[in-house]
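Following this line, the structures themselves.
You will see chain A twice below: alongside chain B first, and alongside chain C after that.
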Partner chain A sequence: MKSPGFLKRQLWLAIAAVLIIVMASIAATVGLMYRAFDSSIAPQVLEKAKTAGRSLSGLIGQAAAYDIPIDELVGVDDLFAASRKKHPEIAQIELLRAGQSTVAVGTAVDAAAHLTARLPIAGYEGARAEIAVSINPGYVRKLFQEMALDLVVVAVVTLFVSLELVYFLAGALVADLGTLRAQGAAMARGAFFPMPQPNWLGLEWSTALDKRAIEISQRYQAALASLRSRWQDRHHIGATSLRTSFAALRETRKRFSFADARQGSRIDGNRNAALALGAMRAPFFLLLLADDLSRSFLPMFASGLPAGPLPLSTNMVASLPIVAFMLVVALSQPLLGAWSERIGRRRSFIGAAALACAAHLLSSQSGSLLELLVWRCAGGGAWAIAFVAAQGYVLDHTDTKTRTAGLAAFVGIIMVSLICGPSIGGILADGVGHRATLALGGALTGVALFLAWRRLPLDQPPAIVTTQSSSPASASKLSIAFANPRFLMLLLLAAVPAKVILIAYCYYLIPLYIVDAGSTSAMAGRMIMLYSVMMVLLVPMMANWVAALRARYANEPEALFVAVGLAVSGVAGLAMALPFGLLSPFIVVLLLGIGQSLSISPQAAMVAEVCKEEIRVLGTSAVYGVYRMVERLGNAAGPLIGAALLELAGFRTAFVAIGVGVVVCAAVFSIVFVFKPTPRHVPRVAQ
Partner chain B sequence: MNPLSRKLFWLAFWVIGFAVFMTGLLLYFKYQSVFTGLQRDRVMMVANEIDDIAEKNLSLGQDFWEIATLQDVIERRREADKIFLGIEVVGRDGKIAYSTDLARVGSSLPPAWLSEFALVRPNNRLSPSPDEAILASAIRNSFNQVAGYAVIRYGRQLEHEAMAQFTRRLTVTCGGVFLVFTLLLWGVLACIRNRTENILKRAAHTISGDAHRDPAMAGEVAAIEAQLTAAHRQLDAVNAGQAA
Partner chain C sequence: MMRRKFLQQIAGSVAALSAAVAEQARAQDGKRFRIYAVTWRGKTQVESGFEDFLGKRGLTVDFIWRDAEQKVARLAEYVREIKTLKPDLVYTWGTPPTLGIAGPFDAPDSSQYINDIPLIFAVVAAPVAARIVPALTDRRREITGVTHVAAMEAQLEAMRTYRPFARLGVLYNAAELNSKATAESLRRLAVTQKFELVEQTFTRDEKGAATATGIEEKVAALKQAGAEWLYLGPDSYLFTQIERVAAAALALRLPTFSATEAALGLRAPVLTGLVANYYTIGQFAGHKAEQILVKGIRAHDVPIETLSRYSFIVRMDVAKQLDILPPVSLFNYAIMR
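Presenting the complex of A and B:
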């Protein structure tokens, strides 16, 4: 089918135009401001060079008091070298005598006179001794080069946000393109029946297609009616003469369709679903973004708050807000499905947005750890409610054909937020501070609340009954699921360790380590962003790889993927033992991304394989509900384990210990699942 | 402006607005951090020089309160750079031992400042008022105990002026870039939309019987026409059977 080709090309062309022009606007802003930066900063650098020169001149001048001739001074070059090392913007320091250089340290630059500070040395006026400090003319360029990483982050984030804006502002246009593509595809497949019309684009094309489809459809109906009447008169005209017509009719019906065979009233459903999901997209993204903004600095912010009467170490204090948030999410989500369905998606989403807004604003005003914990718990509750409501929107507004695309869009929003939030949050936290960034999160949730109130459609009965949301992990279900030792081992050896290492590293240890190493929250944000980008790129690739292996070798490679993924994640922690400075956490994130992307999809797929019997008894949703809940408890445990190890043995040992623990889990998992695969169910022989 | 053009304009407006705003914000933060960092380094260099002198004297066994060269050094440094509002050397208890303002000698610094000095980190500074900042460097004796602090008060007027000037320039630049690129993106999107609409119109004419084919959608149109022709032929066959 080629018709979607053209429309898809146009969509890609539009997106490419947006991206190129966005990049160009960023480049233009930076390029134009470079000169202003340079002209304003250079005099300040020169002032600093003068201060350094005065300090050196004062020190050398002390020798004059002891009548040491300037030619006999020793250690001047060492002194200059030490000073230059401390101030990288200084290109060269010279000791001049009558204008001639006697000692020079650094690289000679073709610096204009206005970039060199010359200061006389008190006590050596007779020798016309001077100190000349030249600043590096490329200093500002170097500053801009250092800023390049931040600019790349801004560019990447802008691109992703632009795509969200396209969906938000031009969702109807995107929906029209989908409608046109569907209509063209249907006709090229031989489906001739009326389809929904676009509102903004390609009306003439759609009408022309509709006209031709109706024309064929009417001819078919006429032929059918005529054949029916002739069949009724077959006794007069003879049935044999109609056989050819019936054969041709059968062939026609086989090749072409003249009525929409999909679920009757849902002809317009896809378009309505696209609009409903489009309306949910922006507020949900803003809600997630508000939370993700604080990922790169929350441990640092918490560690600066007084713990009050609680006898907790700083490291433990830093971990608690993440633990509280994750714990609330893990425990509340299974219960929220039924509640959200009962009170309605719209109402629950609006309630979540209001709660998140209050939680973020109050978090930014927290004066103690206890206050922050309360507001983070509220934030966790709001996040869980919004998550369930948004997921419910997808399930309620999609049918079996569109559900996968709907859920992919849902996961896409989460990933885009994870890419944008921590990186932008880090930059903002460095610039305006932790509290202001948290308050900005409150403002974003305020906008989300407004958009949800204005745009979210009223609830409609779900397209199909969704057992997923109404299946809380009750105690009985937990006990039935946990009675399966292989499921228990899958949870304890793979699901929980994978989450522990992810949250402990990415959201707790790495942000703290990076700041401890003298870097910034922005750098921590970039690291988390790197992980998210890797997940976006690698998870689909790995899932396809597993599917291809499964198809080619007719075996089940999932367990092997999970084991290798876990082992790679664990080995990631060992990178911290290497003396590479900030490169070490970079390697950790890189390996963690590879490891997690290898194991995530196969691990979820293994649940169905390991729990066949439990799924038969409890249903897929209930078993997966238990799996997700236990997995999320791993999220909550991660920062606690990280904090305890950090307290006991410092950063390197904490990273390495968690890594080794996960490698051990991977080894035991391999023994249980890779070398002893799931036993096949052998049908019982009837006695 | 028709509603679709308006939609495309707002899309361009917000997309470019976000990109330029974020870039501007980043440049602002960078300038602020570089500028204040340079000033802080400049002040810290002098503070370190003073505490070096004091530490050398202490290591030679001189009493903290009787280091003869310090008064002269701090006065010379104060005069050398107009950014300095005052330089003081204080004891551990905050009592001023040497000051460029002789009237302050013997008085004490606020206790809150001392606790801040004790916590001082490389990039920390105290700002008791918007126009004044304070940096301190600890003076340590031979036993590595804090004997006092070299405290420098410096003005932030220059910083405010520079930030204001930079912000003005940044605002104008960002405004200009925003305007130009918003219009550019809008224009490009409108062109794509017009081209798409025109090609779809021509394809609609072809489907409706016009002989002219647009190469951009020739494949799509051909596939649909092939199905239409086949369907007609098939229905002809049905009718032919009845006629027979």
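Presenting the complex of A and C:
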């Protein structure tokens, strides 16, 4: 019998093989498409330009019916200019007489024949009048670039989604294989009693084994019973032969066992970190993905809706759906923990999926801002419930050894969704529209609902549990936590500014700015994806770095990391002052990613350090509950602050002002925490 | 397959049922309606549209046609006749007949007018300015109808599309309420849209009525003052003099723009206009009549409306005589005559 490590190795090999095949096929598709695109795009664009030229020539031809000489036509240049404005692919439109240009609008970048189409004007054949339309090779190149970027996004998303699929399929498979292995191994050790059985793979085989094991065990019991009855009648029969039989039986029992002597060791098969989320993984991922789909275009969608009687500016309107969502998430989560535990993970998750499904579908149909806000609040509630249910599921199904891995998988899936959702959502929004993309989110949550209903294990009646994880951040706890000025400063100078700048930039200002600068929702999605990819890559790296520094210098580098991270985040905003066009938001996202990845984990670690006393009194989860809630209120405040600044002073100033504000916070923070170490801190180092 | 057949059967039976209901309705409404119709200068395309619409809807209507031949005095006779004949509906063409039959809403002696029989007007440019109703949304009177002039902003925009201008000339009859209202709205737009308005009014006799004296001089004065267009509003008196006015403008190479279709269909050399199609106006008035007669809706619950579409008409023969050709883009949406 092979060891469990063997199975795990096989799984990773299989995953690696699948990923290599998927990536190779994507690369091949991209390459082939690119080549096909290359050879067919220019003629297609020219064909489109020809259509525009034909309608111009038809229009001018009408004048011939009234015997107007071609030289006396009025407003030809205006007509050409209007047409060129409507068709960005056209570089130049000319009216030719006998090959000579009489009217020309725009300038041809490249006079190559394959980029120009000439169309005779019916009715003016006598004057040998023609319309010449030239297309802009730069426009064709731009189309190329857009397409290539989209393909990169699709490739990355496909990679992550196929990884999710592998987990989804292999999760059940590997669990079944593990159970079979345990059963086989138990039998090999001579254990003949009923064992946990797989759900699908090898179920028949396992049942047959189980039947045999029970038969053997029954035969053993029967043999034992008959031997006992004979022992009672031993004076009738010779005792010697019985003694031999008993000796043989004892020998058998040494080698085999016929009853489950292990106690409480039924939890098995949760050792694989990637599979810790188990049946929760796929539905939770779909639910998150559905929500992330709209990240890159929600502000634009909202600003297009009638605000009704509310006296709000367009920018404010654009920010409100995000604010509503974040506010509901921030305020509902402290209350949801206990509730989710009481009614059960399965039931609360199914409820959340149903609510999210309705919220997405109704959002896609909303005809006014108020409607959208209501549905986004419902969506926020659903998101918060699902989040707590999934987190609780991990906590319920892991022990102290596997919990860290389980929570890492939980955070990982949130990041994966944040990589895939906004980018694919942006492409979809440009292709099929905002409403259809929102409706697609509804469909995804529908699938999540189905999977949760079919696959999530039934809720156990609530045991003694009531751990601290479920204690809500009650007012008294809040006040105790806020009585610590250093905690308050950590919250107000670091936690809240970090979230304000993140949400204001990534979810609000950048999507609006990019569309304002004439680009697309797909571009906005790519920016958010870039941020998420950086998080996935950098956060573990930074955490390791902090740990290494801590080990080497035996001091606590967290405060420095938070201060530097915040400062980098703030400096990111200043990049918008540079006149780089679309490159500026790219630099913003890049710096923001570095800054946030520097500060995120050290900042959370600092809470434990700053609030040692409070944690002793209230417990870790209560203090972290307060921390998370205040942090999430920063999420909600971000778009509001962004909208107010945008309204007052425009994009550039809004970016710079928030950035400067965060740099100031970082400076004050470092004065308080980096240069004046805490009095509690000093003796600790001295120890 | 079965499902499709089933659906077809349902569709078939629904169609049959609705046909039966319609038939029944027709039989019920088999009664004849009487409409008393007053025109100002004889029957126009508006009346054809009105009659055709009601005919197509299956209404049996006996029309009592009266033409005032532009004589206000006749309208009082018609009021008396309407009071004795008691028709189901009164139809009036234009502002003077409508005012003559229905009177202003604030008339001191309302007994001289028709108040108890629903009235539908057509080709009234400004029912509020003419005091037929206090406001378009006022539901006091049993009057509804179809106005026929495009929004002034749209007319100015059409003029600019043809040929941009900085100075606009207008010639109108200051004795007509709606013409004064038109001039007033032009003055307002001249301020907001930053152009100069040059005005001339028809000479009036001692009774205050407009006369044709010195029309050519007035047009010349407008041209002299730098007008680049001559605007021809929905003015009843102007319409009687349209040929002289347009000919004078043509002689001076001053392009003319009309607010009404009638001015573009005559021998008068008017260049262009953004106008409502008379036949369509008649059909729309017919629709309102059907609502009152068949559906039993009170006239004050039927909105006073205008058409949603106007025609941009250009007379190419005039354009060539003026040597002011329309820009090529106009061939896209203007009707060239």
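Methods note: the second predicted complex is superposed on the first by the 435 of 687 C-alpha atoms of A that agree within 3 Å, B and C clash if a C-alpha of one lies under 4 Å from a C-alpha of the other, contacts with A are read in each partner's own complex, and residues count from 1 in each chain.
Just so it is clear, a contact is a pair of C-beta atoms (placed from the backbone, for glycine too) under 8 Å apart; a residue touches a chain by one contact, two chains touch by 3 or more.
This structure is a prediction, so every number in the text was calculated from the model and none was measured.
Visitor: May I ask you to decide whether A:A548 touches chain B, chain C, both, or neither, giving the answer as first, second, both or neither?
Guide: Neither partner.
Visitor: Where does A:I216 make contact in the superposed view: on chain B (first), on chain C (second), on both, or on neither?
Guide: first
Visitor: Regarding the shared-chain residue A:A483, is it in contact with chain B (first), chain C (second), both, or neither?
Guide: neither
Visitor: When the two structures are laid over each other on chain A, which of chain B and chain C touches more residues of chain A?
Guide: Of the two chains, more chain A residues are contacted by B.
Visitor: Where does A:L201 make contact in the superposed view: on chain B (first), on chain C (second), on both, or on neither?
Guide: The answer is first: A:L201 touches chain B but not chain C.
Visitor: Regarding the shared-chain residue A:V411, is it in contact with chain B (first), chain C (second), both, or neither?
Guide: After superposition on chain A, A:V411 lies in contact with neither partner.
Visitor: Once the structures are superposed on A, label A:I68 by its partner contacts, choosing first (chain B), second (chain C), both or neither.
Guide: So A:I68 only meets chain C here.
Visitor: Tell me the contact category for A:I424 with respect to chain B and chain C: first, second, both or neither.
Guide: First partner only.
Visitor: Along chain A, where are the residues that touch chain B in the complex?
Guide: 1-3, 5-7, 10, 13-14, 17-18, 21-22, 24-26, 28-30, 32-33, 36-37, 40-41, 44-45, 47-48, 50-52, 54-55, 58, 87, 143, 147, 150-151, 154-155, 157-158, 161-162, 165-166, 169-170, 172-173, 180, 184, 187-190, 192, 200-202, 204-205, 207-209, 211-212, 216, 219-220, 223, 226-227, 230, 241-249, 251-252, 255-256, 424, 427-428, 430-432
Visitor: Which positions of chain B touch chain A when the two form their complex?
Guide: Result: residues 3-4, 7-8, 10-11, 14-16, 18-20, 22-35, 38-39, 41-42, 45-46, 49, 73, 76-77, 80-81, 83, 162, 165-166, 169-170, 173-174, 176-178, 180-181, 184-185, 188-189, 192-193, 195-197, 199-201, 203-205, 207-208, 216-217, 219-220, 223-224, 227-228, 230-232, 234-235, 237-242, 244 of chain B touch chain A.
Visitor: Touching chain C in the complex: which residues of chain A?
Guide: Touching chain C from chain A are residues 59-60, 62-63, 66, 68, 72-76, 78-79, 82.
Visitor: Would you mind writing out the residues of chain C in touch with chain A in their complex?
Guide: 316, 320, 325-332, 336
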